[in-house]
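Next come two complexes built around subunit A: one with subunit B, the other with subunit C.
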Partner chain A sequence: MALDSAKKSELLKKLEQGVVEFEDDEVRDAAQEWVDSGEDTYDAIFDGLVAGMEEVGRLFSAQEYFVPEMLMAADSLYIGLDILKPHMVARDSGVKGTVVIGTVQGDVHDIGKNIVKMMFDVAGFNVYDLGRDVALEDFLKKQLETNSDIVCLSAMMTTTMMGMPKVIEMIKEKNPNCRIMIGGAPITDDIVGKFGADATAKDASNALEEAVKMVVSLREIQKEANAKN
Partner chain B sequence: MTQATMTARERVLRTLKGEKVTPVPCFSGVGNVTTKGLEKLGYRFADLHNNAQMMAEAAMTTWELFGYECVVIPFDLCMEAEALGCVMNPYAETQELLYPTIKEKSKLTTEQLRQAATPELLQRGRIPLVIEAARIVREKVGDQVAIGSYVLGPFTLGGQISELETLLKGSLKKPDDMIDYLDAMADVIVLVGNHLLRNGIDYISVREMGATSDVLSPRVFKKVIFPALKKVADNLASPNILHICGSVLPVIDMMAECGYSALSIDSKTPMKEAREKVGERTVILGNFNPFATLNTGTAEDAYNVAAQCVRDGVNGVHPGCDIWPTAKPENLEAMIRAVRETSV
Partner chain C sequence: MSEHTVIFQPSGRRGKIAKGANLLDAARSLGVEIESICGEKKTCGKCKVQVEEGFFEKYGVDSKVSNLSGWTKDEERMLSLAEKENKYRLSCLAHVQGDLLVFVPEESRGGKQVVRKKAGKLKHKPDPSLTIHYIEMKAPTLHDPEDDYLRVVAALKEQHGVAADRIDIHCLRVMAGALRQAQWKVTVFLLRGEIVRVAPGKVETYYGIAVDIGTTTVAAYLTDLKTGRAVATESKMNPQVIYGEDVMSRITYSMQNPGTGLEKMHNAIINTLNEMIGSLVEEHMITRDDILEMVMVCNTAMHHILLKLDPQYVGVAPFPTAMSKALDVRARDLGIGINISGSIHVLANEAGFVGADNCGVLIAEEPYNSEELMLIIDIGTNGELLLGSKKHGVLSCSVATGPALEGAQIKFGMRAAPGAIEKVEIDQENLEPRFKVIGKELWNIDAAEIEAKGICGSGIIDVVSEMFRAGIIDKGGRFSKHAPSERIRKDPQNGMPEYVLAYKKETSIGKDIVVTQGDVRAIQLAVGSIYAGAVIMMHEHGVEKVDKVVLAGAFGSHLNQFSCLLMGMFPDVPLDKILSVGNAAGDGARLCLVNKQKRAEADVMARKVRYLELTVYKEFERVFMKAMQFPHMEDQFPTVQHVLDEIPDWKKIAKEKEKA
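Right, the complex of A and B next:
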C-alpha cells in the first residue's frame, strides 16, 4: 500500500518533530507506519529524521539546546534510523563510505566524538567506532582491516592532541589515499596542516554543519540519480 | 601584622575569608605541577600519582621555583572515583605526558552510594596517600604556604564513576532520579572533603566542570545541579571554592547562592559581568586561560593577561583549569610579577 502525499508529509512532520522534541514513541510509530507501507524509506530518513537533526543543530548553535537535548534527540534519531535503514533502497551514489572514528589515547572526552559519529551514521556511512582512549596503533589496525575511506580522530586536550600526527603518519605511510579528519576543541586549521591531516570541523555547530553539508551533497546526488530515471 | 609580612598561606586564607589582600594572591585550587619542576626532581608525571613522597615533592616545585602561592595535591581527577571502586589508568608505560583516566567504572547506584558514604570509604583508594602527601608537604613548608586539594562536584564525579552521557540524558529524562543520585553523591563529597580539611589540607576546591553552561542549560542547572552543590556547600568545612570552567555567566548567581567561600571562573566567563551579577561580597578567583597564557603565549602576553585579571577586579589571580605542565617558566614568572606590580 503506497503512501499518498498527504500521509507522507504527515509522517515526515512526525519524524522531524519527534527528533526535535525527542519523542521516541512518535518517531517509532511514524517510522513503522512508513515501513509497513512498503515504500522506500530514503525520504523518511533524510526529509524526516535528518531534517529534525538539522533543526536540533540550529537550536544548539542558538544556545536554546544544550548537550543533553542533543543526546536525547540523537537517541530518537537512532530509533527511527534502526527501523528505516534496513528498508532503504541503496543509492548508487558513491558518497557512502566507511569511517573509522575514535578519541585518541589518554583522552576520555568522547561526547563530541559521539555527536560527530551520529552524523556519519545518519549519512549512511559505515561507521566503526573505536570509543575513547584508543591506543594509537589501533586506528591503523582498524583502517587496514576495514580499508576505510576516512579516519576521524578526536582530542579535547592539547596534550593528547599530540598523538594525532603519529596516527596520521602511520596511516598515510600504509595507505596514502585514506583521508584523515581531525577535530576537538584544541584543533585549528593551522594544526590540520602541521599534522598532515586533510580536514577538520571546528566546534559543535561547525561539526554539525560539516555533517549537514555531507548530507546535502548526498541529497543532490540522489536528485540527479532520480532525474535520470 | 602588616600585609608585607604576611605569609603566602595567610594571604590565601584571608582572601578566601573575604578579606582584601594587597597584592591579591596568585595561586590555584587545581593542579599546577610543571615540566620544569619535574625535570628538577628527575621525576616522570606518571610516577607521581601513586607515591606520596613524589607527589608531595612535585607539588611543591611550582611554589619553590616561581613563588606561586600554593601547593596543590593530587594532579588527577580519580581519587574519589577509586575510593568508590573504579580503576584508574596512570599511563605508566607511555612516554608522553598523559593525565590519568578511569578505565573501569564501578557504576554505583544511588542506593550503593548511600551505603558507601561511611568513614570506611576514607581508607580506600588513594585518599590516605594524598593525606600522607599533605603531611610531607607541611613538614617541609610549615606555615609558609597553603596546601590545597580538590574534590569533584556531584555531577562530574557521577560522570567519572558512571557514563557522563547517561547522566546528561538523565538530567532531562528523569530529573527526580538524578536529583536523588546527586544528593547521595553530595554526601560522599562532603565526607571526603571534610576528611581532607581535617587532615592537613588548608582549602579545598569543588570542581563541577561537567555542569558548565557550555554543556548544560541554566534551567537544568537550577533544577538538578544546584540542590546538590548547595548541599555540599552547606556541609563542607571552610575554606572552600566552587570551580566551574567554561562559560558560567548564566548560572553564576546560583553558584554564588550556594554559599561557598569563593567562586573560581574560567576565561570564558567575563570577569566584569560576573562581578556585576554577584556583587562585591562574593570572592571571585580567576580568570585566565592557563594554556593560552602560560604555554602558547609569550611572557609579555602572560603579564598582560594577569594584569588584566587584576584590573577586572578578581580577588585572586587563578587559572581557569589545571596549569599544563609544559607551561613556560618565563610566563609563570611574568604572571606573578604582573600581579605584584598591578595589584597595589
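Right, the complex of A and C next:
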C-alpha cells in the first residue's frame, strides 16, 4: 500500500514532532506505518527524524533545551532510526563525509562527545566512534585506515586537553588535508588557534554546521586538485 | 574600539575591557574592589596589583606586563624596586593595551573575604601524639657522669613512665645549655618517642596547628592540645588561584611549565602557610618555636603541590596518587616556619579524586559507626560524597560540581564577601524578590543602602530554587514565557532570558544583577552531578533511600537546606534529617592533631572506604540526565511535595485569563 502525499506529510510531521517532544510511541508508530507501506524510508529519516533533531539542535543552541531534553530526543530518534534504517535504499547524499571521533587519553567524560556523534549520525556522516580515554596514536591509526575527512577530539579537563596538540601534529604531518575539530569545556577559540586545529563548536548543532563547512571546503580542494591533474 | 580580556585574581572575575581603560576602572566594571583611598590622585599608592606573566591555557590569555601602558614616574615614587621587579603596578596608572591576568594582593583588596571556615566543637577527648612532661633531674657529678640524653630518658621513664628512644639533632644541639640554664627542671616535648623540645621550667599549655588547604581558601586553627579547643583561627585565599582556579588547571600549569610551575605553586602555599602561622602565634602571644606539630588536610592535587610531588598523574585517568598513606614530614624539609624540630602530619588520601580532606570529613562524621545510612556531601570546588553506615560500610565518590556552587562561572557570581547576595526569597504572586547581602542586617526592601555586588554560592542556590518555586523556570530549568514580571527579560546581546534580582540602584557595580539561563544550567549540572553520585552509590549498596544527609564544607553550612532539597541536590529525607556540619575537613584535621587514636583510625578508615569511579558506570549518563531536572525527572520528593504542588503554572494561568 503506497502512501499518498497527505498521509506522507502527516507521518513526517509525526516523526519530526515526536523527536522534538520525545514521544517515543508516536515515533515508533509513525515509523512502523511508513515501513509497512513498503516505501523507501529515506524521506522518513531525513525529512522526519532528522528534521526533528535539527529543531532540537536549534532549541539547544537557544538554551531552551538542555542535556536531558537532548538525550530524550536522541532516544526517540534512535527508536525511529532502528525501524527505518534497514529499509532505506542507499544513495549518494551530497556533502556527507567520514568522521573519526573520540575523547582523548586520560579523559572519561563523554556525554558531550556522544551528543556530537549523534548529530553526525543523523546527518548521514560515516562515524567511527573510538569511545573515551582513547590513546593518542589511535586517532592517527583510525584516520589513516578510514581516510576520514574529519577528526573530532573531545576533552573535558584542561589536563587531558594537553594531549590534543600531539594528535593534531601527528595527523597533520601524515595527512595535511584532514580537518580537525576540537571541543569540550576548556576549549576556546584561542586554544583552537594555538593547538593548530581547524575548528571548535560551542554545541552539537554548531559542530555539525562546522563539519559540513569543512567537508565542503575539502571537496573543493580535491576538485581543484583533480582539475589540475 | 578594540577590547582585551582582563582577569582579576583571586576573585576570578574576567571580562572584555576597552583598550586604554585603566586597571582600576576595569576592576570596577567587573565588580572587583581595589582600595583607592586618594581617589586616583596618585598619592596613596594603595591600588597596587601584580601582573602574572605567561600563557594561561584555561583562559587562552597571554598575559604580560608589556600589555599595560608604560611605567610612570608616580609608580617609581610609590612602589619599591622589589615591587617593580615583581611586576607590581598601580592600577589607576596602568592602562590596558592587551590581554592580562592581574593579581590583587590582600592589602589592596577592598572588602575582605568572609571567613566561612569556623572551627566546630570536637566530640573526642584530647589524647595528642605530641605530649609534654615536666621532669626534674640531678646535675651530673663525677660519681654520676651519665650523658644528658640518657639522664632525660631515665627521668621520663621514672617520673612519667613514658619511653623516649631518640632525639632530634636540632633539639640535641641546644639541650645541654637548656638543661643547665633551667637548673635541670624542664618540660620535655615528646612526639612518637622522639624528644623534640626541651623547654625551661614547667610548661602548662601547649599548642598545635591544624590546617585545611582548600583549592580556594586555606583555614588554619591554632589548637590547645590539652583541651582540644581552637583558640585562634586564620583564613586566607589559596595563593595558587592565580595559576588556575580549579585543581585541573593548576595541574595543567605545572605540566606546561616544567621545572618552574610546581615550584612556584609550592612556594606560594608555603609562604601563605608561614604568614598564617605568624599571625596565629602573634595573636595568641606565643612564638613559632612553641609549635611542634601541625596536621594538614587537602585534596589530592593540593597534597601533591604542598609536598612538591609531581601532580600530573593525578590529573588524568586513572588518577593514581604518588602515595595514599598518611605521611609525617619534618617542617624544615618543607620550609614551614615552626620549631625546627617540628613535624607535619598529612592525612591519607582515599583515592585519586578523594583526598585527605575527605579523610578528615570521614573521621569527623564517622559514618562507619552510624546506625543510620548517612550521605555526607562535602561541597567545594569539587564535590566529594560519602555514603555508608556501620552495617553497609562506606563508599566514596567524587563529582565534578564545577565552581558554580561557589559563585564562579555564574554571570554575577562572587565569593562570600561583603556585598554578596547570600539569601533570596521570591514572592509567588508578584515574582518580586527580597534578598540579604553579606555585611548588612536588613533585607534589601527594608534597607536604605544595599550596595549588592554579586551573588555568592548560597545566594545562587537560593535564587535558582526560588525561581523554580515561583514558576519563573520550569522543571527542566527553562524560563517560562508566561510568567508575568518585568524582571524577566531578554539579554539584548544574545537574546537569552534572564531574571533581574537587583536593579542598578540596589547595586554598587553600576548595573543590574541578573540570573541568566546559563546560570540556571550551571546549577542544574552541579546539583544533578551530586544527586547522580548519590544514586550510583545507593545502587551499589542496594538501597532505595538514605536516612540522613550531612552537608559539609565551608559553604555547606550556609546553604538553605530547603532550597537544596527543592532542587533535588540529594535524595528526599525529612528536613530535620538534613544537617550542616561546617568545615568537617578542618574538624577532622583538628581531631587528628589532638587525638592519636583518631589519627590511627584515619589511616585505617581511609583504606576501608571503597571509592567508586562514577564515569565507568554505564548508567551514569542516564542517572545524571534525570537528576538535572528540578527536583528530578522521576524520583519522588514527599518532603517538599506540598511545595511542588503549589508552584504556579503561568502558562495555564495566562490561558485562563485569556478565556475570561
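Couple of notes before you dig in:
Heads up, the rule we're going with is that the second predicted complex is superposed on the first by the 188 of 229 C-alpha atoms of A that agree within 3 Å, B and C clash if a C-alpha of one lies under 4 Å from a C-alpha of the other, contacts with A are read in each partner's own complex, and residues count from 1 in each chain.
One rule holds in what follows: contacts are C-beta pairs under 8 Å (C-beta built on N, C-alpha and C of every residue); 3 or more make two chains touch, one makes a residue touch a chain.
The model shown is predicted, which means the values in this text are computed figures rather than measured ones.
Annotation for the three-chain superposition on subunit A: subunit B and subunit C clash. Residue contacts after overlaying the shared chain place A:K194 against subunit C, while subunit B stays out of touching range. Judged by the touch definition given at the top, the superposed model places A:Q105 against both subunit B and subunit C. Within the superposed three-chain model, A:D121 lies out of touch with both subunit B and subunit C [touch as defined at top]. By the touch criterion stated above, A:D129 is placed in contact with neither subunit B nor subunit C.
When the two structures are aligned on the shared chain, A:L71 is found in touch with subunit B and with subunit C. In the superposed model, C is the one of subunit B and subunit C that contacts more residues of subunit A.
In the superposed pair of complexes, A:E39 makes contact with neither subunit B nor subunit C. Overlaying the two complexes on chain A leaves one subunit C stretch of 97-105, 133-141 or 169-177 clashing with subunit B, which is 97-105. The contact surfaces that subunit B and subunit C form on subunit A in the two complexes overlap at residues 65-69, 71-72, 105-108, 111, 114, 133, 157-160, 162. Contact residues on subunit A toward subunit B in their complex (touch as defined above): 22, 65-69, 71-72, 75, 105-108, 111, 114, 133, 157-160, 162-163. On the subunit B side of its complex with subunit A, the touching residues are 89, 91, 94, 96-99, 101-103, 164-165, 168-169, 171-173, 213, 215-217, 220, 291, 295, 324.
Against subunit A, in their complex, subunit C makes its touches with residues 55, 57-61, 244, 248-249, 251-252, 255-256, 312, 315-317, 400, 476-478, 495-496, 517-518, 521, 524-525, 613, 615-616, 621-622, 624-626, 628-629, 633.
The residues of subunit A lying in touch with subunit C in their complex are 62-69, 71-72, 105-109, 111, 114, 132-133, 156-162, 186, 188-191, 194.
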